[in-house]
């Protein structure tokens, strides 16, 4: 059945511009895989996850989507991973990945200490809590904020702010940079060139990890078939 | 105005039995203070916060209550502190305390390593995440589950399970025991006697801390009055 | 008996100017409570706790005072909390709070990472050891010294140095500032205005916590009375 | 060119039995992917990586293989990841994954605390050092040894020892179990059934992660083509 | 001058039996060095450092001895290292070593995780605080108490309790055992035989480290002489 | 036999200039001891340990030297301590010290937080991994690179770069500075004068510790002789 090879990327906010950025950036990876990769958003959610309250509000929405939609894997496409742990609790049988968690795990294979370009100081606080909860403080060089909303991050005009933030993180010890918002995806390649160090787009990391782990699961399901 | 001296204790689940246990246990402290201490619950919430999903669902409800009700301080009366951080983000001017966080901070002044009696293994996982997020792993001796719901915890029959869990935690290094559910409040005194070590009821700790900090704030507001 | 509702604040150095600052700052809180709040100092102690040796010298003096004086709660009014742990060992029945520990615990409910304005580089070293011993390194943004003695800290002239230190801590990640000396209490309000972020006076935090926890204990003693 | 879609799994010891176990277990995953997955070993290496000295001896051998062979990704198929960091230093352009690191990162998405079934107490010490170096102590429930060599681990007779070790880890707080040797791969499914909790085979995790990340890289290389 | 080659071992309690055990155990090392090694105690101190209060009381006494006596190096011969940090603050020019700190640093070169045989549960709490303050929690397997005073530890009858404690620590992950009291020195050799793993006597470690570091300093002083 | 009183210092690279610097700096300490202190190097090793791959390559060479040569103690004279853990595994009976580990342990007795002057950014990464593996992150103020090879570090011209690096570390919280390469030994005294804080040469620390611990071991071997 087709939902066996479907990855559903959930943008947990209501910004269609963010959804479009995510969707467009996934085209390249779609060409390389037989998995269907869909992106959805939440019209009733706030336009961006600016505050912890926003993350709190959308967590149940993310979980509802997962209950309602069929897929081999779900990717929560907001760096704060709203609803991730609760979603896993429920759907033991299916794979749920957060783009914040995936990007951080990916970074651990690429560099020694990671830094995160965050939208705002409030996002920075959320990222610190996430890193402490993951138990990874000693690998975290910090976050640097560009003072933008998720929607604004879709504009190409922010590149200079991104570069400044990346350099500040590098001088603080980071040797791999994470973009702290799914809507920043389009900056990855030019940012990597400008900074001269690896830059990670969280949604790509989560989708890549989903592709790998779904392939592994498919292989096991096939084995146990008669 | 009376809401200047009101502490609102929010039981974020729908169990009126849990609300009654909390309310009754606060009678003694009410006699010692001029603050009004009210307790409310959430009829539309689940009967207990068993899973992370339940905590996720009630976090926005807790924040709604805080927006709607006037009080000097709000106490979230569930050990998982659902919605706490987000509530603080919003209401910079008012005091919001979580009973999990308050109990842990209180414990740090009483013993070297704290252990938590949890309702279930799922609660244990939530507590571990909370302790890591607070950055307090090195003071945490662990959690021991009694395999009960929040409602069942209101029954006096669970005392033996509580004692067993407390002893397991003590042999693992704890020298102060936290009850990991607001509905366990009625066990505190007898558990302390049985275990021979301090036992902390989270709601009491949070209300005590609220009384102290509200008094401090009142004193400052009065000072700055003409 | 009146000592049941008495909080004794122990300035463990010999500086009467520091004692006066502490005492005066407590007037506002005295108006809000039925507890008696007394402040004492130690004529035979050094004029300030500048070095670890000073803290070592006054630790037994603090413990003697606690043995000699009756009170519901004792507050050690020096950020280094000299003698705190030993005092607790002895007087299991009474409450002993340190102003350093209390301020740090209070800060955890207010911000994500706390920074401390310290008197000197030697104080900074003591604070780092204290934070490590408390197990709270991951919540600590560091200390910034103003190069002053405890007595000098009572002078209003230091405000600019305090502001500079606070800003340095903020740029290092702190979103709540602790004043690292009881004698700095009079700066709290203006420093908070200048920095635009919460500033914590350690003695106030300890007294507030003492008020809350003593009220809780009174309520329990009354309950168990026939 | 075919080496663009080749994953080379390097068994860094000389045991062909271990190589065969690894190779056979990869058949299922080979059916699900267009990548070629090859397995090689090192005839001049010791029969197993029992001691740190063995890991030290094979680290340069692993790096030689990577220099000599062309592949999209290299997987070091020994839980100790000998030579991993050095190999990455050299081949910035190609992907090198360790099966120990990959298994641990995979585990972080599956459970709260992971436990490792190790071959011996010496392996346990290596795993502890690895976990500390990764900065993940607070997510590590410990290792439990079955007192076997890598070759012996290929025998089905060890299942009961594996189950005992897994249960010991679970009672110590693990809710996901890692098999600490590539030669244990054939136990995964039955061990998962017996323990009732997720069991991770390190080589499978590393290959899955390699598939995902190689797909991501292919997509980017294609994009930048004219 | 002879005090240039003198190591003064300060037993900070009043027990001459403990002083004698320390002194006798140092005879073997005296035969191997040209340094004079003296041992003194404090008649006005308590008979043992059982509580934190005892450590607090003797800290200034230790510092007085160091100010009064001339030596190349001072060794504080109580596992709690009372007064160590303060003594170093003062005597920048001379070497002060604590036997607790030295034993722990020595252990880090011998094993992966160290365990401490402590006199009592109160000592265990002091050791935990010390290990946290040193920042070494992740190398610490814990402490196991034998419920004895420092004087009782000089009796050969305690060997079985010592063996039991050592085995408990080994099963908790320790692969090197520290004796947590200077008065236990005479047990080292037989305990090592019984446990089959390295056992460290804290005073010996501190004296060995003092011999090495004093030799280094002598060599530098000689170099800078005309 | 003379090898009972011999310390063999192993420079694990092929640079005779580095070997000469090490050898010359040990002359002063040789005058103070009856131990023979020899220095050797590895003609087949790379000229310096610049990359992790270099450390990986020489680890087995260091272990071969230890198997081949007789000595009371072996000192690995490269800050990365290549082969240290594996060498200890083998030669349980003899003492193997690393100069990186020894310098760090020495620093813990001298200051609160240590900083390391490293040769290059790649060395910095190795030092971070070492510090995490040792479990000492909370005592580590960081590394500052001077962008030089081990051979270049033997030139007196680098002193200004060393001073700059030392000052950067001090402003980041270090109050003791470690020289991160054995070839920097000749800078110690002038660097200490310029920085006004203690500076540690790693080889000296390791040799001093070896002298102390060998003396302790000799004393025990003599005791157990009939």
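The chains carry the letters A, B, C, D, E and F, assigned in the order they are written, with residues numbered from 1 in each.
In the analysis below, a contact is a pair of C-beta atoms (placed from the backbone, for glycine too) under 8 Å apart; a residue touches a chain by one contact, two chains touch by 3 or more.
This one's a predicted model, so the numbers in the text were calculated from it and none came from an experiment.
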#### Entry: Over-half contact-pair match to D-F, picked out of the listed pairs C-E, A-C or B-D
C-E
### Query
For the chain pairs A-F and B-C, which is connected through the larger number of C-beta pairs in contact?
B-C
### Task
Give, as an integer number of Å, the spacing between the C-alpha centres of subunit F and subunit E.
25
### Query
Per the centroid of Cα atoms for each chain, what is the distance between subunit B and subunit F, given in Å?
52
### Task
Starting from the mean Cα coordinates of subunit D and subunit E, work out the distance between those two points in Å.
43
### Message
Two or more other chains touching the same residue: where does that happen in subunit F?
### Response
129, 132, 134-135, 137-138
### Query
For the complex, which residues does subunit F have touching subunit E?
28-29, 31-33, 97, 101-102, 105-106, 108-109, 134-139, 189, 204-205, 207-213, 215-216, 218-220, 222-224
#### Entry: List of subunit B residues in touch with subunit D within their complex
125, 128-129, 132, 137, 142
### Summary
As the complex stands, subunit A meets subunit B at residues 51-53, 55-57, 59-60, 63, 83, 85-87, 89-90, 122, 129, 132-135, 137
#### Entry: Residues on subunit F engaged by subunit C in the complex (per definition of touch)
112-113, 138, 173, 175
